[in-house]
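A, B and C are the chain letters, set down in written order, and residue numbers restart from 1 in every chain.
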Amino acid sequence: MFENVISIKDFKREDIEFILREAEKMEPFASGEKSSSALRGKILGMMFYEPSTRTRLSFETAMKRLGGDVVGFADTGATSAVKGESLADTAMMLSAYSDAIVIRHNLEGVARYISDVVDVPVINAGDGAGQHPTQTLLDLYTMKRFFGRIGSLRVALVGDLKYGRTVHSLAYALAVFGASMSFVSPPVLRMPDNIIHDLRGAGVEVKETERLDDVIDEVDVLYVTRIQKERFPDPEEYSRIRGAYHIDGSTVADRDLIVMHPLPRIDEISPEVDSLPQAMYFRQAFYGVPVRMALLRLLISERGGSENQKIV
Amino acid sequence: MFENVISIKDFKREDIEFILREAEKMEPFASGEKSSSALRGKILGMMFYEPSTRTRLSFETAMKRLGGDVVGFADTGATSAVKGESLADTAMMLSAYSDAIVIRHNLEGVARYISDVVDVPVINAGDGAGQHPTQTLLDLYTMKRFFGRIGSLRVALVGDLKYGRTVHSLAYALAVFGASMSFVSPPVLRMPDNIIHDLRGAGVEVKETERLDDVIDEVDVLYVTRIQKERFPDPEEYSRIRGAYHIDGSTVADRDLIVMHPLPRIDEISPEVDSLPQAMYFRQAFYGVPVRMALLRLLISERGGSENQKIV
Amino acid sequence: MFENVISIKDFKREDIEFILREAEKMEPFASGEKSSSALRGKILGMMFYEPSTRTRLSFETAMKRLGGDVVGFADTGATSAVKGESLADTAMMLSAYSDAIVIRHNLEGVARYISDVVDVPVINAGDGAGQHPTQTLLDLYTMKRFFGRIGSLRVALVGDLKYGRTVHSLAYALAVFGASMSFVSPPVLRMPDNIIHDLRGAGVEVKETERLDDVIDEVDVLYVTRIQKERFPDPEEYSRIRGAYHIDGSTVADRDLIVMHPLPRIDEISPEVDSLPQAMYFRQAFYGVPVRMALLRLLISERGGSENQKIV
């Protein structure tokens, strides 16, 4: 069906729906309620050239919950990169030890390049300003799991819509399902014009606004993202904007919506929201495990059995 | 029976005795003589904010010897902490991926705080000047394993009794069992008054001295700790004291006692002691594995089966 | 048969041949085609004091493909070494948690020293300018696997023959099998005289030259190594030499030989060679896994069963 997971744009709607259905089967195994040896003896190679906790640990957990294991690195200090080895050679080496590779890198396009070099499946865990398809799949899964559908949802993407690969990928994917979208951001962090153009070209209803109040009463999902201080030359401007997009108890009280966030959050959402029924971000983080389990199982177990055998 | 392991003070004598009995069952599995899949498919989340080898590796070994696995981090450089995420959010995230959490942090109270935040069991692997309960349990186990009892033992705690969380926890636990204690330290590193007060209030016989010779002939256990150079403004004072508490072959020769040490040691104990029958510190390090296996099994397997299941 | 793997010189020809035969049985398990639980519940302790990717990851993979697991460290920042613990104590500690130890260190002789200290088998993963026996075994395996024999092969060792522990070990091992050798290097990086003397003393035919062209038509194996810039005070000299030993498509085209390299490579071999049938270096990297699996299984499983047992 698919051999790599590089960009969400590579996936047809039926592919995504199939993955989300498979992910649901994984939940009792993801939570530790049931144990599986589906990937016993299989190895996932991890190439993490950028700091990451959530994505890295959820891939590790996904692999281990399926009875497999991981090898690799989460920083480059202790690796042969210090000896000047090329990225392609490092990937070739790791592919000789593993059944699939997960790569995060700060350069866009690296994951696809590596998938051309090696013979094992490659999963993109974020490549610079490019794609982060497994994040998008778990975002979609969270919506599907809560509402039972994605198609007719009204989703507000809030915060930094200019630099965030997460919201770019998600917007394209929501378009495929026919969800309607509102983009809520300060002018300097607007969703790029080319993406809005693509979405409208695909027949998606898109609304843009600076004010959260304009959309808060007509959305099912508030998808909040972090606004990075570094984007603003003027600290006062940053403070003002941060305040304007801050979500607290009063923002969501009595409203029939869910709050999502790719995490980590800094102070976009008050801790008081955490215990409200609308808070879905920690559940969303958990859903990263069943979604990645589904992908790993589809990519790896297709490539050969893991029947336990005696060495003779 | 218990849901977290935060402070040894939370444990009743019967709880501790139960854990020590469970630990003894683990020994053949801890040594690799037998293998177990008691925690197959289960994940232990590791949050190590302070350098640690022994504690971290023995938890990892304990989990893996039981057929489980670990995810987490042993330093904070490669994690989302660099993005400003709160400790509570990091813990929430890790708890979404795991069946229990082990945390080491340089601030007292952090482990209990985290146990209030997350829904999975939390084990304190040392919180600043506070508690290190699993170290205390393995110390007790070592005594119980060698002498068959703890109650009537005479234990000398030697070295830095002021700053060491290990000796503080241990003193309280020995008191519960009715062991008698001698505190051997330079005046500047005395056992804090409030602890001595607590112990005496609990009816424990406590002796204080600066001189090891005062107690060496009347103890069953010499529990030696590291004296850190940084505690002394005057290097000469440090040298003098280091010499006074140094254990070598002649200290223990022909004496019917065991020498324990939480390790790492610098030069508190001569290497010549290592091969003597009184040297128990390496055995003590090993006992960290069966004790932690017992805890992990009690905390995790109670929470649900690990029966292997086919994903359908 | 053997209790440690410290130096290739400790191994008799029959030992090596036995290991290579065992390695061949491991291949379907090394590739993930079959899964094994031969080392279930067993732990390999990793002490990596020097940066390493390939060696470390292939040991990890080998252990995990056999159903075992690893604990340890790949750098010393997060360990007790910062507290001043001796190497021997760290090894004692790790041996208390594991069934075998793999150590890489920048000092020659460290692996043998550690093997005297601990009670578990020790594998040398490279000790300074000393030995790297598992690399030699996988080099031999690669030749044996391709040619079906080692004895009558003609092997050219190319590049830095002075400082490379890899080529020193390999030369001694090839001598045991009666292979003939050519040493191709610039004068400043010649194979040390004492090694050439040893080899000739053992009756091996040895040829030395500065020019690759002198031997290219009469060898079965081109074993290429990295020439480090740091060896040359004069950058121009370095450039000239690097060019002289560079392997590209035209070097190997229409020649009946294989190109090996311990990796990582910098630019000793053009990427255009990678897709030629003569390129054996990535396959060679993979062979590190079955060879190490064979060693781990021989060293560890001999020491006791891993029959799965219920804890009662």
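As a working rule, contacts are C-beta pairs under 8 Å (C-beta built on N, C-alpha and C of every residue); 3 or more make two chains touch, one makes a residue touch a chain.
Remember, it's a predicted structure, so these values are computed and weren't measured experimentally.
**Student:** Quick check on chain B against chain C: do more than half of the interface residue numbers occur in both copies, making it same, or fewer, making it different?
**Tutor:** Counting shared over all numbers used gives less than one half: different.
**Student:** So if I superpose chain A on chain B by CA, what angle comes out, to the nearest 5°?
**Tutor:** My answer is 120 degrees for the C-alpha fit.
**Student:** Need the CA-centroid distance for the pair chain B / chain C, whole Å please.
**Tutor:** The separation of the two C-alpha centroids amounts to 39 Å.
**Student:** Identify all positions of chain C at which a residue touches two or more other chains, and write them in rising order.
**Tutor:** Where chain C meets two or more other chains at a single residue, that happens at 69.
**Student:** Show which residues of chain C lie in contact with chain B when the two form their complex.
**Tutor:** Within the complex, chain C contacts chain B at residues 40-43, 69, 71-73, 77-85, 88-90, 92-94, 96-99, 303-312.
**Student:** Quick check: in the complex, which residue numbers of chain A touch chain B?
**Tutor:** Going by the criterion above, the answer is residues 25-26, 29, 32-38, 48, 51-54, 57-58, 60-61, 64-65, 67, 69, 74-75, 226, 263-266, 271, 282-283, 285-286, 288-289, 297.
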